[in-house]
Amino acid sequence: MKRLKVVSVFCAAALVIVSAAGVLAQTYKVAVSQIVEHPALDATRQGLLDGLKAKGYEQGKNLEFVYQTAQGNPAIAVQIAKQFVGEKPDVLVGIATPTAQALAASTRTIPVIFTAVTDPLGAKLITDLEHPGGNVTGLSDLTPVAQHVDLMQELVPDLKTIGVVYNPGEANAVALVDLLKSAAKNKKIQVVEGTALKSADVQGAARIIASEVQVIYAPTDNTVASAIDALIGVANQAKIPVFGGTTSFVENGAVASLGFDYYQVGVQTAEYVEAVLTGQKVGDIPVTFAKGSDLFLNQEAADNLGITFSEAMLERASSIKK
Amino acid sequence: MSLFAFLGTLEIGLVYGLVALGVYLTFRVLDFPDLTVDGSFPMGGAVAATAIVAGVNPWLATGLAVLVGGMCGLVTAFLAVRCGILHLLASILTMIAAFSINIRIMGRPNMALLGEPTIFTAFDNMGLDPLYSHLGVIFLLVLFAAFFVTRLLASDFGLALRATGVNGRMVSAQGGSIGFYTYLGLALSNGLVGFSGALFAQSNSFADVTSGVGTIVVGLAAVILGQTLIPGRRIWVAVVAVIVGSILYRLAVGFALSSGMFGMQASDLNLVTAVLVAIALIAPKMKGKMRLKAVQARRAK
Amino acid sequence: MIHLEDIGVTFNANTILENQALRGISLTVAERQFVTVIGSNGAGKSTLLGAVSGETPISRGRVEIDEVEVTKWPVHRRARYAARVFQNPLAGTCATLTIEENMALAYGRGKRRGWRLALSAKRRRLFQDRIAILGLGLEDRLGDSIGLLSGGQRQAVSLVMATLSDSRLLLLDEHTAALDPRMAAFILKLTNTVVEEFALTVMMVTHSMKDALACGDRTVMLHQGKIVLDVAGEERDQLDVPQLLEMFSKVRGEELADDSLLLG
């Protein structure tokens, strides 16, 4: 009996302390739902976390940062969305299209920030880029594909054919390949497509097109990203360069890339989250396209393939892998 | 688990209950391991979403999804019955073909329905809380499907369908065409799955070609889980069991997702599924063995 | 009732396994005739019944049932005319269904199977009445799974099932072979009763010379896919088992003689 009393007193004391802490410093809860785990999206999440820290929201102090991945399965993305909305966080962050859609469909009140969504209009997340209006806004990662084609031409002066491996089942990838085709058409360059429905098919798809093309373009496609090493392996055997749709591919052996470091995309996403946490109305925050197009070069890969970077290129580069 | 998450989980469980019903019809009733569902589920969503965006009445669009789902089943049946392709392989062929067709249907891999009219819109406009009204509508639809399947299996047609999976030779000796029942059984099953896909797309505001991945595993898990926990030979018991199985499966997933519970995370889901199904498969045997041991012990005395 | 014209069945044609199971069989069975079919193992008896029921695809010839040509009809279409009881009690019933469900399945033979309840109160009463005739007490166990019944009980139910719809032809392929002697005798007696009561035309395969003569009114002996004996009427009445056995071994002896000739 006595022990029970002690316990209850202790509990009451603990309760008092906890609620006092709540009054002293408000903790914000940010819930992040990510469709699948792969380097680019993971980097986005890390960037978001670090970006928030730089703005004074530190995990474990005044920030509760919860995160789930749907393993590529939209039904799980929906369950994660329901779970998160039920937890009533201050901000929901959806990384990639289906997760953002699942979050947006689950709440009309909690702010939803999407990121790494290429076509937010097509995904019906918003109806107006400048003035989203509802509880959803965010950052699009529409790749600067036209610039990519320019760069590939700079790398391979006599460029006639570009190969591209992608998953026709991914909304982002299809949009990118369309952009690539129209950019290439303007320069009378042919695009040879290799399709891979799952990461295990990437290697085979690369093999098929490798003999017909001068450079392989690796888009920011989740399937390709999961098998980027296999793709680069094939290209190395065929002695053709791989141009990365994202700078993280350079680390894997792509010769060059211009794009956003997804870490930086995450950092930019943190600005949206901060804006919401500081009380801005979500509907008034315009959607922007991710900026910070950094040029990444891979000297080692270039040497292996006998490619020399021009002085100008080396000058512009923000990172050179030796 | 919060109330919101709980109701949301119920909703998904009910929607996938239709998949469980379809899988029950093929795996249990027809004894036809049918993987077509991985293709007919997203196809149901794709058809409903495309039709709705094109301005078709959502109820009609849902009906269309049921029909198209059924057609997927017919294709598999055609490959198996008419072309003599091994059933598993026939269904895999339809499944991968469906992936490409789904992209054709939508013209893109992902189609959003946010802001479009759905079968729920009318209820939302009545000022009902969508949290409950959507769940209610889905519950009624699933209930209707369950009644339909139960009544169908109790009919002359359904009886022959049930016998086809057990003793095909007897069915033809009794004047039933095995081919016919295979066609209709698969159509029915995939029609239900297409229905599920259409409901999923409308309640979550998007159709996505990747949403089919693993549908068969989820359906099978629901059937096995449900029938182990609620055993019984009666049809209505089995029908209720597989739907309950689907809900329980989603609840298990939900618990795995509830932040921090048992230290689990979403990437453990496949393991959770495998363990659940394995337990469900082993449990009845263990029960049998224990009973046997008890009997032996009694005899020894 | 049955009219077979020059039926030939060849299994695995044009391979080393080629096997002519039936070599030109012509047979006409009249309405209400009860034909017993005998012959050694592999003689082609089951194949012959299969040619009638449609289960065995024939390589040549013509099959008529009830004056309708059914040569190209699949099994399930012919089922409207012919009821069957198999040698294996498991084959003729659906183990996971109940007795009454099995009966309902048989009741639907030759009818359109639609949305109607398979087990209405009216049908249940009919099934109960019919199965009560067996005197096995099964009328109180209609809801039991048929898999729980013994082989003999199942064959008995199968016979009742054969009479539930109005096909007038009954094909029996050694339907007592898997049973113990007492049960076999019971099933045979039941067969005779049923055939009488429903005025059926029957083809019954058996290995028992005694049964072959005791039952029915015509006996056909097959050997190597041909009819080597076809007796009815007075001629048959005068035959006894030893005589039949002698004929049986004579046929086989000739075969041996042929072989020795060839070898010699």
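So that you can tell them apart, the chains are marked A, B and C in the order they are listed, and the count of residues begins at 1 in each.
Please note the rule applied: contacts are C-beta pairs under 8 Å (C-beta built on N, C-alpha and C of every residue); 3 or more make two chains touch, one makes a residue touch a chain.
Just so you know, these numbers come straight off a predicted model, no measurement behind them.
Taken as a contact graph, the chains are arranged in an open line, each linked only to its neighbours along the path. Taking the mean of each chain's C-alpha atoms, the chain closest to the overall C-alpha centroid is B. The chain with its Cα centre farthest from the Cα centre of chain C is A.
The distance from the centre of chain A to the centre of chain C, each centre being the mean of the chain's C-alpha atoms, comes to 72 Å. Taking the mean of the C-alpha atoms as each chain's centre, chain A and chain B sit 33 Å apart. With centres set at the average Cα position, the gap from chain B to chain C is 42 Å. Looking at the complex, you find that chain B touches chain A at residues 1-9, 11-12, 16, 96, 99-100, 103, 108-110, 112-116, 200, 203-206, 208-211, 213-214, 218, 250, 253-254, 257-259, 265-267, 269-270.
The touching residues of chain B, when paired with chain C in their complex, are 152, 154-160, 162-163, 166-167, 169-178, 233.
Considering their complex, residues 53, 55, 74-77, 79-80, 83-84, 86, 90-97, 101, 104-106, 108-111, 113-119, 145 of chain C touch chain B.
The part of chain A that touches chain B in the complex is made up of residues 37, 66, 68-76, 78-83, 85-88, 97-98, 101-102, 104-106, 122-125, 127, 168-171, 174, 197.
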